[in-house]
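Please find the structures below.
In the two complexes that follow, chain A is the common piece, with chain B as its partner first and chain C second.
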Partner chain A sequence: MKIVILVLAFVAVAMATECDNLTRLKVKSQWRRAYSHGHDREDFAQAIWRAIFAQVPDARGLFKRVHGDDTSSPEFEAHALRVLAGFDIVISILDQPAALKAELDHLEHQHDNRKIPDNYFDAFKTALLHVLPAQLGRCWDRDAWSACFDLIAHGVKGH
Partner chain B sequence: SFGYLWQRQVSTIAISVTMWYVLLLVGLAAAATDPYKERGFKYIVSNQKLHINQLLEELHELEEKFEKLSPDVDPKDVRHIRARIHSLEHDECPRHQGQCGGDVPQCINDLLFCDGHKDCRNGRDEDPEVCSEAVTHVGSSYTGLATWSSCEESRPHNAVVTITASQRKDFFPARIWVRAVLSFEIDEHTHRITTIPLRGYYNFGRRALVLGPERGQKAIYGVRCHFDLGDDDHATCHIVNPASLHECGHFTATRY
Partner chain C sequence: ASGSLSNDTIPTSKMLRLFVLLGFAVSCCLASERQFCCSAEDRHIVEKQWEVLWGDTESSKLKIGFGSLLLQRLAKEVPEVTALFKKVNIEHPESGEFAAHSLRILNALDMIINLLDDPEALDAALDHLADQHHDREGVKKAHFKTFGQILHASLPRVLDDYNAMSWRSCFKGILLKISSKLQG
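Take a look at the complex of A and B:
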């Protein structure tokens, strides 16, 4: 009986997804499919940012310099692509801990004096977790993404 | 001035009395007309009525002949034919994109349809007809005769996809997230039916219902239905392997 309980407990722990090595590989390959290329990539970025601003309209204030008031402006599109490019770097080195640490430190440094509230990161996560499955259309693991996104956001926030 | 008013009043009364008298005379004259003349008049009237009746009969005959001609084509059929021609015209948009429609063809990303921003030059991506949620109304059922080409060893039988839940997020309205079940008969004699819970979304731009296995369920089948027949009630559906999208079977679905 004890063994059964132990096994069940073990299964329960194993089921709560963490951003472990296998999960990182899964996230990496799913990102490869979703990130796409060319104009699709611009639209993918556009959809993510529209979803973010729809949740936290005040966040536009942080993006005045890159024309955050109009997400279709070339300036903002460029910014959206830069953000995704940064995100792409992080995801592609998820399985290289030292490189990942260096990149997250770099991003943290880029963000540390911008006073970004935690709920903006949450809005980014929610937006990403909706646009991703819409872009992929199949075979995506929300729990894996949630866990690995938290790890990345934690690194960028620095707390 | 009082005298003047009095005079006017008297003359008005005189005029009206004269008028009544004339009317009385006319009435008496009418009562005293010739009875033959009266019958002649009635005769003409009934003849006219007969003539009208005959015209009516002729008209009726014409209408009957007209009824026998084939009726006008149902606008629904016209829409279907248009949609089928359209899908053969190969102006299909690349992957991830949907057609704006209208006079000048334009493809835009399906993530941008029905999200509150006009992205098509003609604004069709926010058109109420394009953004109709009818496909995903809970309880909508799409049924057709499924023919299997692999995966299932079975003769053609009815397959049903039923929407059991749907949700659209305010901040990302480009998709409607849905839950559904796919059911079909697996034994003709015992009427054993298999039911597979699915979840996925409706994509406005591609007019596609995309369904995969429900969380924690065995990944047996996915379903992709394209509402490419010009309305929200008919679709071309494929039962696929959820990972490879390899086609197992297909059916032309009608809403019930």
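Take a look at the complex of A and C:
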């Protein structure tokens, strides 16, 4: 009996997902499908941002310059796609450490004087983790995304 | 009688074709200031041909390689450009900094191409890129012209299907808009 419990415990530890090399590859390929093209990509971006603002309405204040009050405005559409493009870069080089570090440093620098509270990053994560399965259906791994998102957010926040 | 009839119809259909062609040419040039003949069909062709580059999960290496090649070629043709990319370590093209930057440039191209169907958002995105380049002292309009030439020479080498007319007509407007806020 003890052995069974030990084995189960061992399995549970082994299954606790980290953003390791294999997990990164999984996230990369799932992202490639979710990110899609053209209008689908615009809708994907739109869904993420609406989900963010629904959780933290005050965050709109940070996006005044890009018309955050109206997520359908061309200015905000362009902004939403810029953000996803940055995210796309990070995801696609998750398995290339030197480039990944350079890009995270670049993003950290772009964010460092914007005073973004940590809970806005949490809202981004929650939004992404809801919109992704809507986009991908069953073939997606929440734990893998959660772990790799945390790694990216940590890099962008710089703490 | 049938001979004279066909003799009549051939010139008429030729004339008609000529008129239609002329009509296209005129409408294209009238609209050129705004859309540079980048028609809906052109945009779809560009989007479709570009997609090929992004199909594979491992395509980031290809994209980094391609972006890095474009920038290095630009620096070779216009040596003064090297200084402009000093911050992203162009002296060491294999470095993480330059790889990330190459991908950034290629991803901006990707964003633009995927916005071709939404002209207003495309305009906003190009305007932002124009601002970003305006803030970089030393970047000149001529650099974008050369970059366009390098792009058109390089794309057919990575894309099996490449419609030069469509790409040129769309990218003329795009590159002009990104460089529109530059002084020189």
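Definition applied: the second predicted complex is superposed on the first by the 149 of 159 C-alpha atoms of A that agree within 3 Å, B and C clash if a C-alpha of one lies under 4 Å from a C-alpha of the other, contacts with A are read in each partner's own complex, and residues count from 1 in each chain.
The rule is short, and it goes like this: a contact is a pair of C-beta atoms (placed from the backbone, for glycine too) under 8 Å apart; a residue touches a chain by one contact, two chains touch by 3 or more.
From a predicted model like this one, the values you see are computed outputs, not experimental measurements.
Asks: Under the superposition described at the top, does placing chain B and chain C together on chain A give a clash or a fit?
Replies: In the arrangement built by aligning on chain A, the partners chain C and chain B fit side by side.
Asks: Report for A:Ala127: first if it touches chain B alone, second if chain C alone, otherwise both or neither.
Replies: After superposing on A, A:Ala127 lies in contact with chain B but is clear of chain C.
Asks: For the superposed three-chain arrangement, provide the angle chain B-chain A-chain C between C-alpha centres, rounded in steps of 10 degrees.
Replies: 100
Asks: Using the superposition on chain A described above, determine whether A:Asp43 touches chain B (first), chain C (second), both, or neither.
Replies: The answer is first: A:Asp43 touches chain B but not chain C.
Asks: Of the partners chain B and chain C, which touch A:Asn21 in the superposed model: first, second, both, neither?
Replies: neither
Asks: So, A:Ser29: does it touch chain B (first), chain C (second), both, or neither?
Replies: So A:Ser29 only meets chain C here.
Asks: With the two complexes superposed on chain A, say which partner A:Asn119 touches: chain B (first), chain C (second), both, or neither.
Replies: After superposition on chain A, A:Asn119 lies in contact with neither partner.
Asks: Scan A:Ala99 for contacts with chain B and chain C and give back first, second, both or neither.
Replies: second
Asks: May I ask you to name which of chain B and chain C touches more residues of chain A?
Replies: C
Asks: Looking at the overlay, does A:Gln110 come into contact with chain B only (first), chain C only (second), both, or neither?
Replies: After superposing on A, A:Gln110 lies clear of both chain B and chain C.
Asks: On the combined arrangement from the superposition, state the nearest Cα-Cα distance between chain B and chain C in Å.
Replies: 14
Asks: Both chain B and chain C touch chain A; at which residues?
Replies: In the superposed arrangement, which is not itself an observed complex, chain A uses residues 39 for both chain B and chain C.
Asks: Which bits of chain B are touching chain A when the two form their complex?
Replies: 95-97, 108-109, 111-112, 115, 117, 169-172, 174-175, 201, 203, 210, 212, 222, 242-243, 245
Asks: Taking the touch rule as given, give the residues of chain C at its contact with chain A in the complex, in rising order.
Replies: Contacts found on chain C: 47, 51, 54, 57, 59-61, 63-64, 95-97, 99-101, 103-104, 107-108, 110-111, 114-118, 120-125, 128.
Asks: Give the list of chain A residues in touch with chain C in this complex.
Replies: Of all residues in chain A, those touching chain C are 25, 28-29, 32, 37-39, 41-42, 74-75, 77-79, 81-82, 85-86, 88-89, 92-93, 96-103, 106.
Asks: Which bits of chain A are touching chain B when the two form their complex?
Replies: The contact residues of chain A facing chain B are 36, 39-40, 43-44, 46-47, 50-51, 54-55, 72, 126-127, 130-131, 133-135, 137-139.
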